[in-house]
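For reference, the structures are reproduced in the following blocks.
What follows is subunit A paired twice: with subunit B in the first complex and subunit C in the second.
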Partner chain A sequence: MNWWRAFPRQETTNSRVVGVAILTLIALLVTIVLPPVANSELAGGAAIAIVVLGLSWLTGWSGQISLGNSGFMAVGAYAAGIWAHHHMTTPVIFTLALALVAGGLSGLVVAIPSTRLRGPYLAGMTLAFSAAVTPLAQNFTSVTGGEGGIFLNALVTPSWFAHFFHGQNASINANAQWTADLSVVVAGIMFFFMANLFHSRTGRAMRLVRDNDVAAELMGVNLSRTRTVAFVVSAAYAGVGGALYSLLQESVRPETFPLTLSITLLTLMVLGGMGTLSGAVIGGIIYSFSANLVAHVNSLTGVNPTSNLGANMQGIIFGVLLILAMLFASRGIVGLVTPLRSLWRVVMSRRRRLRDTLGTTQ
Partner chain B sequence: MVTLAFNNVSVRFGGLLALSDVSFEVPEKQIVGLIGPNGAGKTTAFNVACGFQKPTSGTVDFPELGRGRLKPSQLARAGVARTLQGVGLFSHLSVLENVMAGAQSRPGGSAWRALVGLPSVARQERHLREEALSQMDRLGIVEFARSLPGGIPYGVAKKVSIARALMSQPRLLMLDEPASGLDEAELEVFEELIVGLRASMSVLLVEHNMDFVMQLVDQLVVLNFGRVIAQGSPRDISTNADVLAAYLGIDE
Partner chain C sequence: MSVFLSSSFIHNIFGGLATGVIYSLVALSLVIIWQSTHVLNFAQGAMAMFATYIGMTEIDRGVGYWWCVIISVAVGMILGGMTERVLIRPLYGKPEINPIVVMVGFLGVLEALASAIWTSTTRNITEPFSQVYYQDHGHLIFLSAFVIFQMVLAIGIMLLVAALFRFTKLGLQLRASALAPEVSRLLGIRVGRMLTIGWMLSAGVGAIAAVIVASGNFGLFPTNMDGIFVAGFIAAAIGGLESPMGAVAGGLLIGLAEQFILAYWSPNVAPLGGIIILVVALMVRPQGLFTKRMSRRV
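Then we have the complex of A and B:
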């Protein structure tokens, strides 16, 4: 009996490398033609996509909810910012690795008490964390620069890059493209790691704990350890994303990481599709379009962008989108593709059957 | 050699004595049945054995693993597998992945190596998948590999839970009511399956279906009101007056 025939396509590390590499390459090619403003938006979207992916892992795979990921972002951003401020020449990749470690450590600190909590209690605990981070940053002026934050200029466009694409030493175009490319590559690496984790035994352990913790324990899964790992990974992703975001903004400031950012992250995750790589990509894309969208809605409705209503337009739009998603696409935009794909399969198998019957009668 | 030994185990839930001074052994590569009327303490005994319930007094020993109270996840890693009464599958994972989950306790699942995507991790995962499929093939459930547990017949779900338990290559397999809800034909298959397991492991099973148990086990332990009222071979038990009284409600 050839039961293995039912599984001809097996995901391997190679296929993941190729998949992520192709997507990254496409994004890199796109940055060549995009105007500078769009490239900056794309870069921000890539940074946010990393954070959304980390949240998606936590919620979609391990079944825990977090409103603390804006706090983890802040931890990563400050770690990177403080370092880069004092050590201008450190390669960006090192700064980001530092943010990864710092974010992960903060995740560990939050996870140790949190893994005993569920649902709303866990949400409350993580909310308290992200609520605490901003005032801490505001008040530890000597380290964090207080309200004013830290200014950085860590993303220097290499001259070969500027020359190759734009034929001159430095320009706004070259800078925007360079930062976008860098963000896309970092996101690509982080997505590759997560794809590996998804399809590993660690990834399975997460889903076991999420689905049935009693049975998971019987399978030899250590529940609190698994939940802690979930948090640490999620926080490390938030740390990297937050650091990248701040490097792009060329500053780390407390106001970049308000509590509402955590809710925005949750919204992006749900809109894109929870627990999937492509969902996080879509979340990042939505984010990069959101500034434009807000401007459009403000001008369409005649709302003054500097008014109270105009300033909160993003929250309103995301809120409406979230409600729509809950009503019509509870599995996010990715979830909309699944029925299309199964429809496609049905059509194809009908065609094949038709062809087979025609073939035999002729 | 003894795989599992209960030494004077008592469990008290408030005023209720669920197990009282229970002692019995599961010898290596034997099938031991734990029977008794409803509320006799069978499931409590199971929960104690796999670490979910702490005994109020007495000890549960796994001589091969050394002494000391182990957590359920540690016991699982040391070769104690258990099925759950309500089958307890993972509802959002395919049947295949449910079976693969049984191997979760094996060594060598490092998250770091998985993260960077070492080929050895992918290979390990592929072997696991093939092993799970051949285990399912053995039980005749391979065509359900891609289904979700919600969409399969109850008898199949039971087999999935057994395939999952077997994936951990246990030394002791504990089956909680393997026969409940199965028809005659399925029972025969199960009987054959469980007898076949004796070659490689010890089996402790809780069961209500007496016909099924009697043909299957080497030894029986009969519980009633949390006490062991009899233990011995099925033939001895079937003529034991205390057991008959407990089951049929004759009290002199």
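Then we have the complex of A and C:
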């Protein structure tokens, strides 16, 4: 009876290119009108969106949970930071590529013992990994700068870009917009690759492994290799996102990657919608608004933002949102939109059918 | 004998076992929950921390130490039971990721709330026993009254839990509803109530671990159970999450490993000891060192 299945939504590589490109262009246009503060928040959101996308791929598409992506972020950030500290003039794209490779390798190291594990074992194993990264960074002080970390100044605004800006605070405006544009473009590239990866052979195999691993094995899918690939890709995304985040922050420090960051990432992924590109975009947007959101809640409830409660409001809000989303809307904001979209599609195809019928009878 | 007792090797053994019993307690509490509801409670450490804060801040009002311990454990048990009822019960039958995510969220809420209410500065609780090492003819013996108290309390709790599960009617009901919930329900056991009791027991054991941690050198602060939870989880995982004995043994093993890394390498990398053991154990026996069941549920 599912007659509307006769009209599948065509999703090809071309439509994915167009979709990601349009979104990137819109974001670039938005950066022109935004004030510098909002631009730097947008840049941070784009970096976090990349990490959330990697986590979303791992949890939503391959069904493996990870509390270690803040650890992978730290690995990418330190790889990029240590390189950029010694080689100031390296193009940023190269530094980020280095972070991609470093993140991917750390993912491989964690994946080899972990891919035989499921659910809670895996979550605990990755948690142990992310708990180990900070002490390691604090221990090898000569390389990582220990507690103080490494200071970076790698995102220099090119002179051709700065020429567009005049008047007061020209350099600040130029710098904020340049970093935002750069982050948006990097995020666009990463999203484009992930869009294709979702629909690749590996991506489809991964969904089968998630839904029914026995069937997947019978179909000839190599379970542990597929799960390892999922981990490596997710860690590589976390590496790039973490490196970009640190370049924006202009420092790499152990305290940037606490356990609570993994909780934030999970919250953003679940709120947006697991295993979807748009979910990761929404997660990134929520992250860029989170400081404003927390300030808003503080002013609504009359809490002094500098008090203890005000300072911890973000942790409380994110944790409560994560619990509520998981209990009542486990498919996130995207999950709330999807029924509307399919309803719209049903209505449209019914109208088209009606028109076709009328057309033939007249 | 006294020279032997004061060697640094023996010091490390005692130190490792003292830390290890705490890990064993946390691991045991995780195993109790895992056995009854097949949920790995990522908020176990945070729940215990929160209960300890509520109990131990009563000291400021002049309540005696032991009353505070009892309050902490009682609050922990209530918190555990309520968590099962409110947060976990709606999720039975859902994908196994869901309860993990919910408990991770709960962990975040509890830690943020604790630092909002009691600030994140470390609070030192006057320990009930001296931490000063005993001496024998001028040689230090690396045992203090506090270390003995810590070990005796932890081992006593473990024996109590073992006795409860083995010799009481409640223990039999708990084991039955964990093993075969459908059959137990037919036989008249109130399985839902048993799950809540399992969570309460587990949270109580966790609260005792947190009380010991808070009374020692480590002190009480909102994230003080994070590392201990990770070590406890690793201990439980080494044992296969199903075996209480395995969890206890795993905890002691990790305590010893961390102590020796701390003594002979660097205090910063001590948390790595547990991870190395976990990786090796998982490579050798992915189902856990102490489990009998060889196949997994599909």
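Definition applied: the second predicted complex is superposed on the first by the 319 of 362 C-alpha atoms of A that agree within 3 Å, B and C clash if a C-alpha of one lies under 4 Å from a C-alpha of the other, contacts with A are read in each partner's own complex, and residues count from 1 in each chain.
By definition in this document, a residue touches a chain if its C-beta (ideal position, glycine included) is under 8 Å from a C-beta of that chain, and two chains touch if they have at least 3 such contacts.
Not measured: the values here are computed from a predicted model.
Contacts of A:121 after superposition on the shared chain: subunit C is touched, whereas subunit B is not. Judged by the touch definition given at the top, the superposed model places A:319 against subunit C, while subunit B stays out of reach.
Of the two partner chains, neither subunit B nor subunit C is touched by A:148.
Using the contact criterion defined above for the overlaid structures, shared-chain residue A:214 touches subunit B and also reaches subunit C.
Of the two partner chains placed by the overlay, neither subunit B nor subunit C lies in contact with A:158.
In the superposition on chain A, A:35 makes contact with neither subunit B nor subunit C.
Once the two structures are superposed, subunit B and subunit C can be ranked by residues of subunit A touched, with C on top. In the superposition on chain A, the residues of subunit A contacted by subunit B and by subunit C overlap at 214.
Those residues of subunit B that touch subunit A in the shared complex are 50, 52, 71-74, 76-77, 81-82, 84, 88-93, 97, 100-102, 104-105, 109, 111, 114-119, 121-122, 125-126, 129-130, 133, 136-137, 142-143, 145-146, 164, 168.
If you check the complex, the residues on subunit A that touch subunit B are 1, 3-4, 6-7, 10, 12-13, 16-17, 192-193, 196-197, 199-205, 207-208, 210-212, 214-223, 229.
Chain contact summary for the complex, subunit A toward subunit C: residues 59, 63, 65, 67, 113-114, 116-121, 123-125, 127-129, 131-132, 135-136, 138-139, 213-214, 259-260, 262-263, 266-267, 270, 308-309, 311-316, 318-323, 326-327, 330.
Against subunit A, in their complex, subunit C makes its touches with residues 34, 39-40, 42, 87, 90-91, 94-98, 100-102, 104-113, 115-117, 119, 223, 226-227, 230, 233-234, 237, 241, 266, 268-272, 274-275, 278-279, 282-283, 286, 296, 298.
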